[in-house]
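These are the structures in question, set out in turn.
You will see chain A twice below: alongside chain B first, and alongside chain C after that.
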Partner chain A sequence: MSQVEKFHYDNAIVKKFAYATLLWGVVGMTVGLLIALQLYIPALNFEVPWLTFGRLRPLHTNAVIFAFVGNGIYMGVYYSLQRLLKARMFSDLLSNIHFWGWQAIIVAAALTLPLGLTSSGEYAELIWPIDIAIALVWVIFGINMFGTILKRREEHLYVAIWFYIATWITVALLHIVRNISIPTSMTHAYGVFAGVQEALVQWWYGHNAVAFFLTTPYLGLMYYYLPKAANRPVYSYRLSIIHFWALIFIYIWAGPHHLLYTSLPEWAQSLGMLFSLMLIAPSWGGMLNGLLTLRGAWDRVREDPILKFMVVAVTAYGMSTFEGPMMSIKSWNAVTHYSDWTIGHVHVGALGWNGMLTFGVIYWLIPRIFNTKLYSIKQANVHFWLGTLGIIFYAIPMYWSAVVQNVMWRAFTPDGFLVYPNFLETVTQIIPMYAIRSLGGLLFLAGVVLGVYNVWKTIQTGNLVANEAAEAPPRPAAAVAEDKSHWHRWIERRPIQLLVASFVLVAIGGLVEYLPMAFIDENVPKIETVTPYTPLELQGRDIYVREGCLGCHSQMVRPLRFETERYGEYSKSGEFVYDRPFLWGSKRTGPDLAREGVGKLKKSDSWHYNHMLNPRNVYEQSIMPAYPWLITDDLDISTTASKIKVLRQLGTPYQEGYEEIANEDLAKQAGKIAASLRADGIEQEGLENKEIVALIAYLQRLGVDISALPQAEK
Partner chain B sequence: MYKYILQSVENINWLAVASLVIFFVIFIISALWAFLSKKEFVDRMANMPLEDDE
Partner chain C sequence: MKNTIYRISFLAAVLALPLGLMAQNAAAPVNQKFWENTIGSMTVLGGAIVIVGAMLVVVRLLSIIVKMDELRILKEKGVEEVVETYRQPQESWWSRFMKTATKAVPVSQEKDIDLGHDYDGIRELDNKLPPWWLWMFYISIIFSIIYWTLFHITGSAPGMHQEYEQDMKKANTAIAAYMAKQAEQVDENNVAMLEDPQEIELGKSIFNTSCTPCHGTMGEGNSIGPNLTDEYWLHGGGIKNVFSTIKYGVIEKGMQSWKENLRATDMQRVASYILTLQGTNPPGAKDPQGDLWKPEQDAAQPENTGEKTGDTGHVFPGDNASNLAGK
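This part shows the complex of A and B:
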């Protein structure tokens, strides 16, 4: 036996990530509470651009996913990876670049999103310079992780590390593919994918952000910290092997379940639904593996708040991974999609699975790296109950709201008319549910604040063991011959093979879904009346993107009678060929806008002007924020040329040289809209130069192309 | 279900078939992997997180 080597684990970096997790957790959830309140108290938008719901919602989602859970992942990984490999992190410098780089990205996101700088894809909103920074920091994390794995003293890689490796490679792939775009300026770019193809890429990305950022790394944490906290090995290591391979392979296919009944081709929808249903098997395998780890230790769950947090986390994982596949069944999806059901579902996952596991790990880990005991078990128990009640008070009103609203959306009179033709009636009905939901959020946040206090008091009673002494024999130089009998160890011991195998598996799913969409023309039938946006409409559309309108308004009429009756002609894939970004949305807090410019939904220009100035001028009970700055701010037309140029490069048929004269067309169209506003009695100096005119041009364009088509061809 | 999917994407049959085959192969391999592993090895792996406990 070789000599034992002495070395030190780096706890200082774990501490940093733990602090960042707590800080961003409080920030992200506070913003969440604010936007929950804004949904029934519109005055809380303060008529300030950077405080409106549309801009803050992506800040909330990004803060919780990438700042709170992101730092939670790194905290958990940096602690467990060192110990499972019996090695200090590869490079302290890289650890710190990773830490500070990630925090800088979060700060950049927290500044740009409220400023309206967004590329609009859900959970991929950040602008291209930040996207590049994310890729670089992610690569540094990867080098640091693989460097540690390569210099490890432990021959075999525990299953948690497999989950970390799969996370790293898949997130890299998702992030790069989703964000490929051509810049028009330092803060704006158009993506290379458009319309229905972008929708497919978006939800391949979006769903797998849930899968490979919120799930697989946390499963790795579960496989390490749950045995630690319970002080017994995982129930079945064999099951964890199957769990891993089945999960990463199946997950990557499930994205299209976000697009059921949309203009995505049927075969892609069916594929997404099928794989989503299959996901129950590995997900529940993993959940049961976690819960059964506690067999014979359930008495300790009563005493130990850490185990309580973990049990609720794993149970929430089980609930949301059962609920998710159910929501992927088309007939049930017709109810849940666009409704608050989705919001309830994601919060069972985010608050229950990620939130509760994060705090279980923090309460376990902080006393260890500070060589002390948790300051107050009692407070941790109170936190646990606040968190658990918070989740219940959050989720149930959302489910209730979804059912109520669906019943109202679908109600027909005996004569075949909608009972509630005014969408707002279906909104005012669910306001009480929104109020109870914000109470749930407040409870959860209160628990988190108490947790922060408990952690703060804990660290005061201890001292950080920045470099924790450890010893282990070095890894044998060459693979030992006796292992040849076990063929699977070829991969088990070799991180690079594991990396490649994970990559190949997730790449297959993505390619099989995307390639037919890209190369088979029948999947996106052309519609002859669909033409590119005019320069003014294009600028108006980018204002729509900037204000985050798609957070509340979809642009996708599903082929369901209660939708075509309310909105008009159902949406066709060929309508979106010039849409960059696509704006189908996934939530209807307000009505769908796909047919806003035609038929019975069409309003006058002055209606839009007054409505944007203050929606309460038009509907007393409206919960939409007011947008007075659109009325007063001048439209920036200096960007028109570069936008037209980039869009032509991407295949939009603007004529060569059109960018030179585009602003002339823009001025003409703006003049017409300004004239129509004046005709309706709106007097304002320089009206034709204001942002509102561009937005009105865009809103009036919605649905126009498809209605120009002769009836027989629809 | 698969038949339906295959019919509706005539030109890319081989993609769908290949995916199905790959899925089954992965599943079988990982199951074999799990169940053919020796008990001592599995026990040692399962106990790995607990090794550094005092």
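This part shows the complex of A and C:
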């Protein structure tokens, strides 16, 4: 027999990621609480650009997903990977570059998003230089992880590591493809995909950010920490195998369920719906393997707060992975989409599954790396109950609100009129639900703060074991140790093959859905009257993007009677060919704006001016933030030329050399709008140079192209 | 034997589930009403599940009755030994069902299925895939194949645009039937000033929800819309013109068209209310705009009528929305 080798586990890096998890958890959830309050106390937007809802919402989602859960993944992976492989991390230097690089990215995100620097795709808002930094740091993480895997002493890879590998390769693929773009400046770029294609790529990315950033790595963590904490064997190895491969293969197809009843071709919608339904069993495989591993340990669940956190986490995972497929059924999606149901759903997942599991892991792991005991079991129990109640107080009002919204949006009188034609009436009805929801958020955050205190007191009673001694025999040569007990053991010895197999499986779904969309013209029928935006509209559109308007306003009328009666003609795929980024949105806190410039929804320029200055001047009960800076700030027209140029490269038919004269057209159009404002008695110095004029130009353009089609052609 | 009955009835219940979902999808085109379409069909589905559950309970009760009867007969015959065997605690159908559905090896015997893997102390058992979980997986796959076939291969199920058109047609028929039963409609040619204070009060409440953003809470006007309390009108004064302006709007000037949001009688109410504001001279009233309107002009026909735009009242977007996507 070979000799036993002595080595040390690196706990210092685990500690760093744990601290970062706690810090960003508190920050991300505090921002979440603030924006929840802004929804019923508009004064909390403070009329400060970088504190408005539209800019803070992406900060909240990014902070919670990539900062809180991201650091949670790294914390859990760096601790478990070393132990499952019986090896120290490949390189301490890479570990530290990974850590500091990721924190720098988070800080950069926290600075740029409030400044309005965004590329607007949900969960992919960060601007291109940060996207490149993310790719680099992710590659460093990958090298460090694979370096460790290759020098492992354990012969086979445990199921947790399969999940880590699939996570790494898929996130790399998603991140890179979603963010391919051409810069117009250091802080702005236009993506290569436009309109319907971009929508498909966005939700292929966005849905799988949930799948491969919030789910697969956390399943990996569950497979390590839950059996460790319960001290029970994993229920079924076969179930691990089947649910792992089925999950990663099927998940990637499900993205289009975010686009049901939109202008996305129907075959792609059906694929999204059906693969979501087929995903129930693979997802539940993880939940079952987690819960059934606890057989024989349920008596301890009552006493051990760590197990309680994990049980609620796995249960929340099971609930949201059942709810998700149900929401993907087309006719039910017609109800939940754009409503608060989605918000409730994601928070059961994020607070329940990710939040609760993270804290279970932290309470288990911190005393171990500090060689001490948890400071207060009682406080951990209180944290558990605050968290659980928080989730309930969060989710239930959101579901209720979704029901109220739907009943009101869909109500017709017998003579065919909407009972609530003014969208605002449907908003004021749900304000109490928004208030209760923020209470839920507050409870959850209070639990987290208590948890931070408990961890802080715990580490004071112990000392960090920065390098934990361990020993293990070296890995036997492959030829000696061919284990033929199960066919799957073969790939568990071959990390590279596992990586390649995962890559091939996740690539299939994306390719089958995207390629027909890109190469078969029938999928996006051309509409003659759809023309590129004028330079002023283009600048206005980028202001719309900057202010995060799509956080609350969709631009997608679905072919449903209660939508076409409220907003006008339903949206067609050909309308969006020049839309970079596409702005369909996924939530209607305010009304849809796809037809804002035409028909019964059209308002005067002065209406928009007054409404943006302060929506409460127009509607007393409006909850929309005020945008006074649009009135006072001059429009930056120095960017027009580079924007036009890049858009032409991407295929928008601006004439060669148009960028030279674009600002002349811009000034002409701005002059007209300023004149119409003056005609309504709005006197302001240099009105034609203000940002508001560009935004009005864009809003007045919405829906115009398709309405210009002669009736016969429709 | 009984066991088989339970198994079959459970399987039937599970199989009914995707059928219910399909029925729901198929039902959608005929009727898009919220309750009937979604919650309604969910309720039907839930009801079906409850009924199947109730049937299972009935079957169970019947078998108990049969058993008790057997017991009575045996007792009368005095076959004490047989009675004894019946008194033995029997495994309930539920625990037998759980065994077939999960095929889990009990915790006490788990050593037999320990695979001997050891990852940092974590061991793995070789429990079988839970059969109920596998059924669920197979059913979701079979459902998906059927759905895809119906919607995208045979095309026998309607797509979303067809659904929409059927839906609009149905709604328009229902509205037309309703309208046929109503009294003659008010329009800009026959509209008359309402005098009933109750009607005026209704007009005021409509004014307060829909008109104040642009015309002020007392009709004094603001930087968006004109003063409605003076004698000067941009698009003509008098009940007919005011009604017509509300109905068709003056889109190029920023006045919305309300005919799709307000029924004719409501537009009559709000127009009447607006005319009661004449001469109230509220504080902060906007300077006069447009031309002086004298009451004797009231008899004249409105300047703005739907004929200009070819509009003749309520418009159903579905009428002209035959989709481009289909081309």
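Assume the second predicted complex is superposed on the first by the 702 of 714 C-alpha atoms of A that agree within 3 Å, B and C clash if a C-alpha of one lies under 4 Å from a C-alpha of the other, contacts with A are read in each partner's own complex, and residues count from 1 in each chain.
Everything below uses one rule, namely that a contact is a pair of C-beta atoms (placed from the backbone, for glycine too) under 8 Å apart; a residue touches a chain by one contact, two chains touch by 3 or more.
Being a predicted model, the structure only gives us computed values, none of them experimental.
Novice: Which partner chains sit in contact with A:Ser270 here, chain B, chain C, both or neither? Use first/second/both/neither.
Specialist: both
Novice: Which partner does A:Ser331 reach: the first (chain B), the second (chain C), both, or neither?
Specialist: In the superposed model, A:Ser331 contacts chain C only, not chain B.
Novice: Between chain B and chain C, whom does A:Trp204 touch in the aligned arrangement: first, second, both, or neither?
Specialist: A:Trp204 sits against neither chain B nor chain C.
Novice: I'd like to know which partner A:Phe309 touches here: chain B for first, chain C for second, both or neither.
Specialist: After superposing on A, A:Phe309 lies clear of both chain B and chain C.
Novice: A:Ile682 in the overlay: touching chain B, chain C, both, or neither? Say first, second, both or neither.
Specialist: So A:Ile682 only meets chain C here.
Novice: Applying the touch criterion given at the start, work out whether A:Ile508 contacts chain B, chain C, both or neither, answering first, second, both or neither.
Specialist: first
Novice: First (chain B), second (chain C), both or neither: which does A:Thr413 touch?
Specialist: Only chain C; A:Thr413 stays clear of chain B.
Novice: Quick one: classify A:Gly568 as touching chain B (first), chain C (second), both or neither.
Specialist: Second partner only, chain C.
Novice: Using the touch criterion from the header, give the chain among chain B and chain C with more contacted residues in chain A.
Specialist: Partner with more touched residues of chain A: C.
Novice: Just to be sure I follow: which residues of chain A are touched by chain B in one complex and then by chain C in the other one?
Specialist: Touching chain B in the first complex and chain C in the second, residues 80, 83-84, 154, 156, 158, 224, 227-228, 233-234, 237-239, 242, 246, 265-267, 270, 274, 486 of chain A appear in both lists.
Novice: Considering the complex alone, what residue numbers of chain A touch chain B?
Specialist: Contacts found on chain A: 80, 83-84, 154, 156, 158-160, 223-224, 227-228, 231-234, 237-239, 241-242, 244-246, 249-250, 265-267, 270-271, 274, 470, 486, 488, 505, 508-509, 512, 515-516, 520.
Novice: Can you list the residues on chain B that touch chain A in the complex?
Specialist: Counting only chain B, the residues touching chain A are 1, 4-5, 8-9, 11-12, 15-16, 18-19, 22-23, 26-27, 29-38, 41-50, 52-53.
Novice: What residues on chain C touch chain A, complex-wise?
Specialist: Within the complex, chain C touches chain A at residues 21, 24-25, 28, 32-34, 37-38, 41-42, 104, 107, 110, 114-115, 117, 119-130, 133-134, 136-137, 140-141, 143-144, 147-148, 151-152, 159-161, 163-164, 167-168, 171-172, 174-175, 178-179, 182, 209-210, 213-214, 222-224, 249, 251, 253-263, 286, 314, 316-318, 320-325, 327.
Novice: Which residues of chain A touch chain C in the complex?
Specialist: Checking each residue of chain A against chain C gives 80, 83-84, 86, 154, 156, 158, 224, 227-228, 233-240, 242, 246, 261, 263, 265-267, 269-270, 274-275, 277-278, 280-282, 284-285, 288, 292, 295-296, 329-332, 334-335, 406-407, 410, 412-418, 421-422, 425, 485-486, 525, 527, 559-562, 564-565, 568-570, 572-574, 599-607, 609-610, 618-619, 680-682, 711, 714.
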